[in-house]
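One structure below.
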Amino acid sequence: MSKPWRGVLYAVLLIAALYYLLPLYVMLSTSLKTMDEIRAGNLLSLPGAISFDAWHKAWGTACTGIECSGLSGYFWNSVRMVIPAVLISTALGALNGYVLSKWRFRGSELAFAMLLFGLYIPFQVLLLPMAQTLGWFGLARSMAGLVFVHVVCGIAGTTLFFRNFYVGIPDELIKAARLDGAGFWRIFLRIVLPMSLPILMVTLIWQFTQIWNDFLFGLVFSSGESQPITVGLNNLANTSTSVKEYNVNMAAALIAALPTIAVYVLAGKYFVRGLAAGAVKG
Amino acid sequence: MGALAIKNVTKRFGDTHILKGIDIHVDSGEFLILVGPSGCGKSTLMNIIAGLESPSGGEVHIADRIVNDVAPKDRDIAMVFQSYALYPTMNVRQNIAFGLETRGVPKKEQDEVIARVAKMLQMDHLLDRKPGQLSGGQRQRVAMGRALARNPKLFLFDEPLSNLDAKLRVEMRTEIKQLHHRLKTTIVYVTHDQIEAMTLGDKIAVMKDGVIQQFGSPQQIYDTPANLFVAGFIGSPSMNFIPAHLASEGGVIGVSLQSGDAACFAPLLDSQRYAAYVGKRVIVGVRPEQWDLAADGGGLACKINLTEPTGPDTIVFTQINGIEVQARLHPRDARSPGSVLHLRPDMSKAVLFDPETEIRIG
Amino acid sequence: MSVTSRPAHYGFAEHWLPRLVLAPSFLLVLVFLYGFIAWNGALSFTASRLLPNYEWVGLAQYEALFASERWWVAVHNLFIFGVLFIGGAMAVGIVLAILLDQKIRLEGALRTIYLYPLALSFIVTGTAWGWMLNPGLGLEKLMHDWGYAGFSFDWLVNPDRSIYTIVIAGIWQSSGFVMALFLAGLRGIDDSIIKAAQIDGASLPRIYWRIILPAMRPVFFSTLMILAHIAIKSFDLVMALTGGGPGFSSDLPATFMYQMAFTRGQMGLGAASAMMMLVTVSAVVVPYLYSELRRSRHV
């Protein structure tokens, strides 16, 4: 390709990069301004004196409805929700994937097909019955209920990830281990699991992002004490009746985004692989 | 004593019949070769012997005991796989020890076994490496080492050498043969390399389409192949299949051969056993090395189309009864393409086949 | 997939362990996905309002749904949003993937930048874009500052335009995803085909148009599926950006369902709308999954 064309090419790519980065820049700069500065300047203007007041407020004292104690509680709720939900759904997915690829039995393919369709079900059809059921078990609007919902809805995806990965492990390896006298669990723990590091990372990261970012279940199945950060952020940004404090909103949005962005930056490789794996569902 | 007996074993995957009634008997200490084209069901049969797949019908006996319902680990066998199937996250030592460990062999004994095996296969220096850090030949060695670690009643080798380059393959072949002489264990060995089959086996079972075509000693299979398939499969270059009429000339039964304008009558030895076929079409099987130069100017005058020197011999190509025929001659006797050679088949070794059933006659 | 190898199993443990291990997940999915679909289906035939009430009313809820103006606004919005969002994200993503595939320096960094929005929650995206598109201090003010005094941008509060703000934010968030999938697909194409075409004298655009893009068909379809799926389930972004408003002008079926079922005490109607969503998704997904499973059966 000729020189000028390559120039155009790079220009287009850089403009695209600006387009993607712009909202992040706007969020960050706005969160470091005071409201006066926001009214005086515009979206792109740099903060004059950097002020962390908005961050403090977003974390500790901003109103999210009647309550005015910032996002900190929601943040820790999300942490307490995401850890068990991710671990349980990943563990189940690994076991299911192992069975569905290496210990097939009559009917296991049907079970897999049923799981697969579960990936595509619009969760709206589950909301009403789930709310009822959680209520019966005394889990309505509780952290345990929310974790349960995330596990149930995550199994299909994690199973698919592991199953597709394990299909790539040669069957002969399992056969050799069986001849060596190893059974179901020993083969899993000693042979298969040590080979699973890449897919384990992919699944953990994928599930973490999905569950941390979930809003629907948080909104429907939790309240006050147990609401996750996405719900907190939405309350903070959309329900305040008084004048809107955009700097606080942006700081809050960044707080909500930080964990997933951190994961993305630290383990982007696995994140992209997860996307690709999720895309070739089936 | 029977080390392994397979009785009428069948295997279906859905509607496809992969194995159609296999019968094999191997005595203790014997080296059995299973040979056949790709996809004929060799690995499936091995897996059934090992208990990794269950037969759809029939019985598998190991050491005179029915093992259909015995788990692989309790069959007292060891297997070397085509892909080696080394545990990628374990080093060589752990790979060898794994089978001992699951059987609860004490650590000290494990170390002894590892030392013994490593010495036997000369791989002391590899013990701390992971499979990914080994060459193909080394992996193959480790896979054998893993199988040798226990003293099983039966060794199963599923194309253990097919991933190696030609030179290494010949070396390992010799080594396996020596190992067998030393250990005297029963071995079932799958290959689709007919040279491996001939050189290693005490017995050979030639398989095709899930059926054993012939079961016998290498020499039996080479000299008296049961049918056209076996005759063509074993031996390289392949046996020549010359279509001909079986005729009786003056009480002698033989076939007439024709090459270009030349023709001759080749009488069969001990020919009365073919009497029923006189006047019918047959296929005469003559191996390339079963042609001699007729120094007296007899035989069949054949025009040479092509020559392929292999070093020790030269293969000459000619046309007989309308098909291409190869003859393996001493390089001294070969002539360049275009010239004429007088060739005479060694009819004492020739075999005849029925063109309809493809089965050997007589 | 039709004929799969199953290992031989011996004894109680080998026979039952795999089933036992799969059983909890299978039961969870059976009860909490399939069972609940049936239950939700049942609710949609009842007169449930604030609380479930199993008085059978036949198709009355569906009739009410189809008579509801708000539902049709939501469906219409879904159509607009679906077409523009899928088309836009595809176009941007494919173009970026092709451009990035030209042996670009900094490719890694650019890819990281294009893709990071996907790590964000739609709520975060919605909050950020809500601020930027804000009629008072956002984009409008910026343009005024830059000297375009007459510039006005009120889409966020304009009932005729609000749905488009969701499209904008949606494309921003998801186009990097399309880029990543297509780039992976482009990298998977055998180099020698392209070299052969170059030797035949084909120009670069022609090579893309005639050789590479046709080879990307499977990637195209799976990406399309995923985007369609995101579009139909879209909920968070609307809630964060417009809350479905002004009025219900930017409602989508997912927000409609939530409003009816959980804030307006119209449980039966909500259940009926959820069933409609399920039917729509199934109409897209079932043929796709079927063809995928068939294909993998024939490899």
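Read from first to last, the chains carry the letters A, B and C; within each, the first residue is number 1.
Basically, a contact is a pair of C-beta atoms (placed from the backbone, for glycine too) under 8 Å apart; a residue touches a chain by one contact, two chains touch by 3 or more.
For each chain, UniProt lists the protein as follows: A = ABC transporter permease; B = Sugar ABC transporter ATP-binding protein; C = Sugar ABC transporter permease.
Keep in mind that what you see is a predicted model, and the values were worked out from it rather than measured.
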TODO: Determine the shortest chain-contact distance, in steps, between subunit A (ABC transporter permease) and subunit C.
DONE: 1
Task: Interface ranked first by C-beta contact pairs - done: A-C
Task: CA centroid of subunit A (ABC transporter permease) to CA centroid of subunit C, Å - done: 15
Task: Rounded Å distance between subunit A (ABC transporter permease) and subunit B, as computed from the means of their C-alpha atoms - done: 57
Task: In subunit A (ABC transporter permease), residues with contacts to at least two other chains - done: 175, 178
Task: Shared-contact residues (touching 2 or more other chains) in subunit B - done: 52, 71-72
- [ ] Mind pulling the residue numbers of subunit C that touch at least two other chains?
- [x] 5, 7, 14
TODO: Using the touch definition up top, name the residues of subunit B that touch subunit C in the complex.
DONE: 13-14, 16, 51-54, 69-72
- [ ] State the interface residues of subunit B toward subunit A (ABC transporter permease) in the complex, per the touch definition above.
- [x] 47, 50, 52, 71-73, 77-79, 81-83, 85-90, 98-99, 102-103, 146
Task: Contact footprint of subunit B on subunit C as seen in their complex - done: 2-3, 5, 7-8, 10-11, 14
Task: Parts of subunit C lying in touch with subunit A (ABC transporter permease), wherever the complex brings them together - done: 1, 4-7, 9, 13-14, 17-19, 21-22, 24-26, 28-30, 32-37, 39-41, 43, 52, 92, 96, 99-100, 102, 104, 110-125, 127-132, 134, 137-139, 141-142, 144-145, 172, 176-177, 180-181, 184, 204, 219, 222-223, 226, 229, 232-233, 235-236, 239-240, 243, 253-254, 257-258, 261-262, 267, 270-271, 273-275, 277-278, 281-282, 285-286, 289, 292-293, 296
TODO: Spell out the part of subunit A (ABC transporter permease) that touches subunit C in their complex, as residue ranges.
DONE: 1, 6, 9-10, 12-13, 16-17, 19-24, 26-27, 30, 38-39, 42-44, 92, 95-96, 98-100, 102-106, 108-109, 111, 113-118, 120-130, 132-133, 151-152, 155-156, 159, 171, 174-175, 178, 183-185, 209, 212-216, 219-220, 230, 233-234, 237-238, 246, 249-250, 252-254, 256-257, 260-261, 263-265, 268, 271-272, 275-276, 278-282
